Every structure is written in structure tokens, then in C-alpha cells.
């Protein structure tokens, strides 16, 4: 699933990878792949993650991981960092999700009464990246679908999600709601539909597997 | 003409902070957090503070000391995820917390530093973050009024400074520091190296000293500045 | 991963500019004016341009060539005092001129680059510069809405650049360049030195390359860049 | 008059000197005087003016003069330059004037139908500097007073002027209008009053001369 998501990065893109699963996408890119990775605490050109022994105390990503630079990296302040996001220079962001609505709504920052650490930079990434894709398990720990007709949790941004990568499938989100694009090996389209909390369009052609 | 000298002791600079003050604190995670100034503020003891900071650091680090000492009544921030203590105080009603989208907090502070009344933005429209905000119809769109933020005091951390208060940051320790260093009536900078006038190249200064009121040299860095082993 | 290469010829970059385009041009006086890009735009010949620039340079220099060639229909600026030719065209109605307070022009461009709708400011209240502007009552004060400015193309001048488009300016050649380099859909930079990736220190970059679309190396500088003897 | 105006600069101040007469104030300051001179095109710490032979082509002040730096100078962009002005970090500005009103209004940028090159940075200097003083000839070339009950020309900023230095006098502007503070040698208070287009308060004490 992470390897499949890595193919979403096209040459020349500026990309922000959210904390957690998305961060691991970089491990699946060729060393000379032309892409610019952004982290919202003020860096373009993220290099490999470093151990505590190798780390520079002043150089982290927005998730707190110790990272490094590449030739051509630039540091800047938090205003410039989000200027980049809001003004349309971020081609792609990959985010986690609590829920995704069939209308593209994303909820990933708050569970009222349980989890409310603040929205951080997620709202601007979700609302302003030119393309927003979600990486998530298809269901929550209790087995409930994360893909729903409408989100029930407080939204991060409305109508922002273009594609979802899960452990079961790749699903596009568009005018007609959820559409199955690919399935994981050993997973059938009907299994994906059963685990999805909203209608799932299943093309009649044979779908690729990942 | 020569540029004025603003070098100061940490204690003398921090002693100016009054009860009820609004205090901006630089940093995003460990990098750029002015741990030594924060510790001095804990010793100074000013209370009923409104603190403006991206995050609340981690338990027993940075502004968590101010939270634990009960000096903070209000926190304007973006994310408390790494500090369960701050979340507990918020949920218990012992501190009031105002959450901002991260880039909007940055812009509100920058607007304060730029002498603007505020900015107009569409960030958060359609979400609960927009609730209660003034809306302006402009050019066929609805935009939210995000008021400028200024503080009585800003505490910032620089890698290098000169005695006029020109500041240079390194790596991701820049973050909110240059913004806050413009946005307070009294800007106090701690610097790992405090250098003579002319030691910083005029093209490579991140915060012009004209915005800074006091600059203090750090001695050996405390363990709070070190790499965190998780 | 490696950062993409955006090095380009000046002609290929400028060829993208269409009739009717809005074009931001860096510089304040001679320093920072992208004279070579401007000359290429004159040769390219795109017409009916809206030009956004602090000033109109001087007769027979910089954007005066665009004015003389009749390519400019509208100019958004702050001061034309050094270019009698521009004032003559304005008074004759051959170009429309919109004057902004200098710092407000800077902030409107910055707001465009920061993806904001605009800023709220009290600059000019009580003067004719406030006439016709939308007013917002906020926190007991009346503030003017100053809309963000973006352009189709920005032409900027840097002292040094790398192939990703990271830019560094020197001295007072900075001025409007870093602001405009964030505020256009297509940002074209000319650089006195175009260097390999890594040649610019990551802490000393003024414009992150992520904002820049094309970067072109200058050869020998034309006489327009030289010290003006008055 | 310029020498007298130079005494308006106090140690530690941040000062912007307008084009023309005000720029010459620096020639009257001691070499070690602790002050920070600002120019709105992006420099704090202005050093001496240079000839064309000595000049750096990239280093000018807002009036186009080739200047230099001092130890501790900083360069910055135009947004930062006016951020400094608007946010109250500019202690003093000295400006030229077409007219000053007895209510402190300043007109110095436009003569409708004759002179309208644009307002430049003057409006923000006049409106936002903590203290605005004017350096001007007492009358225009035709001998008409520049100090008037109310300005007739388009305003730069309302009620901003605190003090006026002319070739004849130093005059404060306050709640009660114009008040004579000092006179030039060989100029009497009544001569100043005659050349002033609004009532001039003349203290009964003996006034200093400059």
C-alpha cells in the first residue's frame, strides 16, 4: 500500500507527506527521483531520517523526526512555509484520516470528548494542496468503515480528497462518490465494497492489483 | 554613527514581564525554543500569562514548566499533541486554549509585526474553526477576518546575534522566531553566540536588530536543547 | 530524491508571456531590476500588459522600454518621480496608473504570495488614497481592505541562484524581488551566478526555489546594471 | 537649521530621514553617536554617502543616493522595511513638506494638475513614525506661507506633525496649533508670525536662537 502510494509522486512535484504512514512513502522512491519534499516546520528538500546519534538537534520534520537535507535544501520560517501551501505551490499532500466522506470531506484532527490536540498544519494542507490523497487503514480498529457517505467527526476540510490508498484498495473520490481503482492482492472488489460505508462504484473492467 | 548596544542579562530582561502579560514564545518542537528564557520566566514568577506558542513542548520541557507552575491562564496555539499535561489542564478547565490553523497563527503574528489590523483568509471555511469569526464579502467570495496578534513580550532563540540584536537562526530552529521577533513591544532574544557588530553578514540576517530590544548570550546549553531520544 | 532542475534560457521563459498578462517586475531604482528579462520581454512583444512595479525606472532604462514600445496598458506602482516619460504617458491617458502606498503594495503582493485574500490596514485613512476602498469595522476600528495581488508572471533579479531556483539577493537589490517571487503563477528569475545544487547555504536562501519556475543565468551585465552617474 | 534639526536625534533612536534637506542631518552627528538610520528600500544602519567611483551598484537609499553600511547593518525586503515603520519601531522621521496645517496635517506628495508622481513610502512614514518632524523652508518660492491653518493640498497623513524646522524658526504643533519654540539668528518672533499662515503662539519668555 505504501509502495503503491509512492507511485502517486510524479517527477518535478512538490510534496508534503503527513505524519505516520505517509512519511514512509519516501523509502519507495529511487535515489535520483526528481521531487521536492516539504515539511511545514520550514524545510524544502527533506533528506533521509537520522538516528539520535547522527541527528542535528536543530533539524526535525513537523512530526519531530530527525531528518537531513539534500543539495539545494532551503530553510524558512513558518509564515513562508504555509505561504507555499496556500498559494498553490504544493502539488500533492498525503494525509492520514479518521473518516473520508463520499463527497471528499476529510476528518482527521478531532474526536470530540476523546482526542482534541489541535489542528496543527493539517487544515491548510488538506484545503490547499493541489491534490490531496489519503493513506489509511480501510477500517478502524473496531472494524468500522473509515470511508463513509458523510463524515460524522469535525471536518479538516471540505471536498478535498481526490484518492484514498488503504490496505484493501485504491479508491478515487469524485462527483459520483467512491470509485474502485485497484485492489490489493487477495482482496476482491466485493470485499472492498463490504468494508466501505458508502456506495462503491466498481468498474466492469478488470482492475489492476497492487 | 554607530548602532546602539542592546546586550542584556537574561534576568534583567525577563524581570520586565508583568502579571497578566501576553508572551510569545518561539520554537516548533525542540528547535528554536528559548528554554533558558522560559526557565528565567519560571523563576521570575509572573502569573496570569497569555502564552502564544506553536505547541506546548513535551512534559517537563519548555513551556510545560510554566504550565506546571500555574503561571499560564491562556494558551494560543496550534497543536498540543506531544504534551498530555497541557491537554489535561485544558480538559480540566485550568487553562483556556485557543487553537489556530498553524499557518494562520503564523500569519496573524506576522500581521502584528507588520502593523496590520489583520488578514483575510479562506482557511477553515466550512469547518468548526470558522465558527464565530467575522466574515467579509470581497470580490464575490466570503473571507474570514483573522485579527493580527501582538504581545507585550516575545521570547526568541537565535543561533547567532550581534549586540544590536540582529539575529540569525539555523535549520528548522527558525520556525516562529522571526515572526514573533517582530510582533511584541519588548522582544528578548537568547543567542548561542553573541557577537560584535559586523560579525553577521548584512545579507544573511534573518531578524533585523531594529525589532529586538534585548539580546542575551547563552552559556553552556542545558539538556533541554539536546536531541530527544525517544 | 534530488531536487528538479529549472534552469532555462531567457528567451524560452519569456516566450510564455501572453498578451494581456499581468507581470510583476522586481527592483527599487536600479538595484534588483531584472533589466535583461525586461529587454527580452520587449523583443518578445507581448502587449496590453499590466505591470506591477515599485517605480518606472528612469527614461531609457528598465520598464521604460516597455512603456516606450506601447506594451503596457496599466501600471500598478508607488512612485514615478524619476521617469518623466511615465508621467507624460499617464497624463496623456495612454496608460492607466494605480498608485499604492509603498509598504501596502509590498504587503498586497506578499498576501498574494501567501495565498491570502488580502490584508486589513489603516494606512491612508483620512486621505484620498482611501477613497473607494472597502472598509471593515473590526474591534472598534475602521480598517481598509487591501486586496492581495497576484500576477501571471513575475520577473525577478537575483545575485545568486541554484538550478532548483533557490535565490539569494544582495544589499538593497532585495526590495520587492522576494515578495514577487512568491506571488505569480510563473516566476522567472535571472541570476548573476547560476550555481549547482548545494552551492547556496540552506540558511541563507532568501527565496526558496519551490516558488520559482524558471531560472536563467546572466552573461556579462549590460550597462543598465551599472552605477548611475548623475 | 539642519544642524539644529540634528539635535532632534536622541541616543538609541531608529530614524528615517526623508529625501532632500533631511538627508543632510547626518552630517551634523558625531561619529560615535548611537543611532540607527533606516531607509525604506531595505536597510538599517546607513553609512556615509559614496561617490560614483566608490559606489556599490546594489546599494542605494530610497532617494537613489549611493550609500554604504556600518558594522551591524542589515538588508531586508520592502515588506519587512515597512513592517518596521507600521509596527512602531521607527522613533523619528524627518520629512519635507508642501504644507503643514495647524492641526498637524501634512501635505507633501501631490499638487493636483501639476505634480503627482505618486505617494511612495511617505504616507506610512508620516502616519506611523512615533515622532514626525518637518524640515522645510518657511515659505514657498513665491513667498507664500507653508504653515497654514488647514492644508489645501491632498494630505499625506492627518495630525501627524509634532515639530517643524524652517529657515526662520522651530515651531511645535499641538492642541493649540503652532507654538514658536526657537528662532533663527536675526529673525524676530513677529517676523516668524508674519510669514506663518495661521495664528502662532509666542511664549512670553525669551526664546532660544539657533
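As written, the chain order gives the labels A, B, C and D, with residue 1 at the start of each chain.
Assume contacts are C-beta pairs under 8 Å (C-beta built on N, C-alpha and C of every residue); 3 or more make two chains touch, one makes a residue touch a chain.
No experiment lies behind these values; they were computed from the predicted model shown.
Enquirer: Work out which chains are contact partners of both chain A and chain B.
Expert: Touching chain A as well as chain B, we find C.
Enquirer: Starting from the Cα centroid of chain B, hunt down the chain whose centroid lies farthest away.
Expert: So the chain farthest away from chain B turns out to be D.
Enquirer: Can you compute the centre-to-centre distance for chain B and chain C, using the mean CA position of each chain? Integer Å is fine.
Expert: Once rounded, the distance between the two centres reads 32 Å.
Enquirer: Averaged over CA atoms, how far is the centre of chain B from the centre of chain D? Could you give it in whole Å?
Expert: 35
Enquirer: Counting in whole Å, what is the centre-to-centre distance of chain A and chain D, each centre being its mean C-alpha position?
Expert: 56
Enquirer: Which residues belonging to chain B are in contact with no fewer than two other chains?
Expert: In chain B, the residues touching two or more other chains are 107, 114, 116, 121-122, 169-171, 202-203.
Enquirer: Give me the residue numbers in chain A that touch at least two other chains, ranges are fine.
Expert: Residues 75-76, 79, 82-83, 85-86, 128 of chain A each touch two or more of the other chains.
Enquirer: For this structure, give each pair of chains that are touching.
Expert: Pairs satisfying the touch definition: A-B, A-C, B-C, B-D, C-D.
Enquirer: Could you list, by residue number, the parts of chain A that touch chain B in their complex?
Expert: Those in contact with chain B are residues 39-43, 52, 55-62, 64, 66, 75-79, 81-83, 85-86, 116-121, 123-124, 127-128, 154-158.
Enquirer: In the complex of these two chains, what residues of chain C are touching chain D?
Expert: 28-32, 54, 77-82, 87, 97, 99-107, 109-110, 121-124, 126-129, 159, 169-179, 206, 225-230
Enquirer: Quick check: in the complex, which residue numbers of chain A touch chain C?
Expert: 11-12, 14, 26, 29, 31-38, 44-45, 69-76, 79-80, 82-89, 128
Enquirer: Under the definition above, what is the set of chain C residues touching chain A in their complex?
Expert: Within the complex, chain C touches chain A at residues 1-5, 112-116, 150, 162-164, 166, 182-183, 185, 196-198, 200, 202-203, 205, 208-211.
Enquirer: Mind pulling up the chain C residues that touch chain B in the complex?
Expert: Checking each residue of chain C against chain B gives 107, 111, 114, 116-122, 134, 136, 138-139, 141, 143, 145, 147, 168-171, 202-204.
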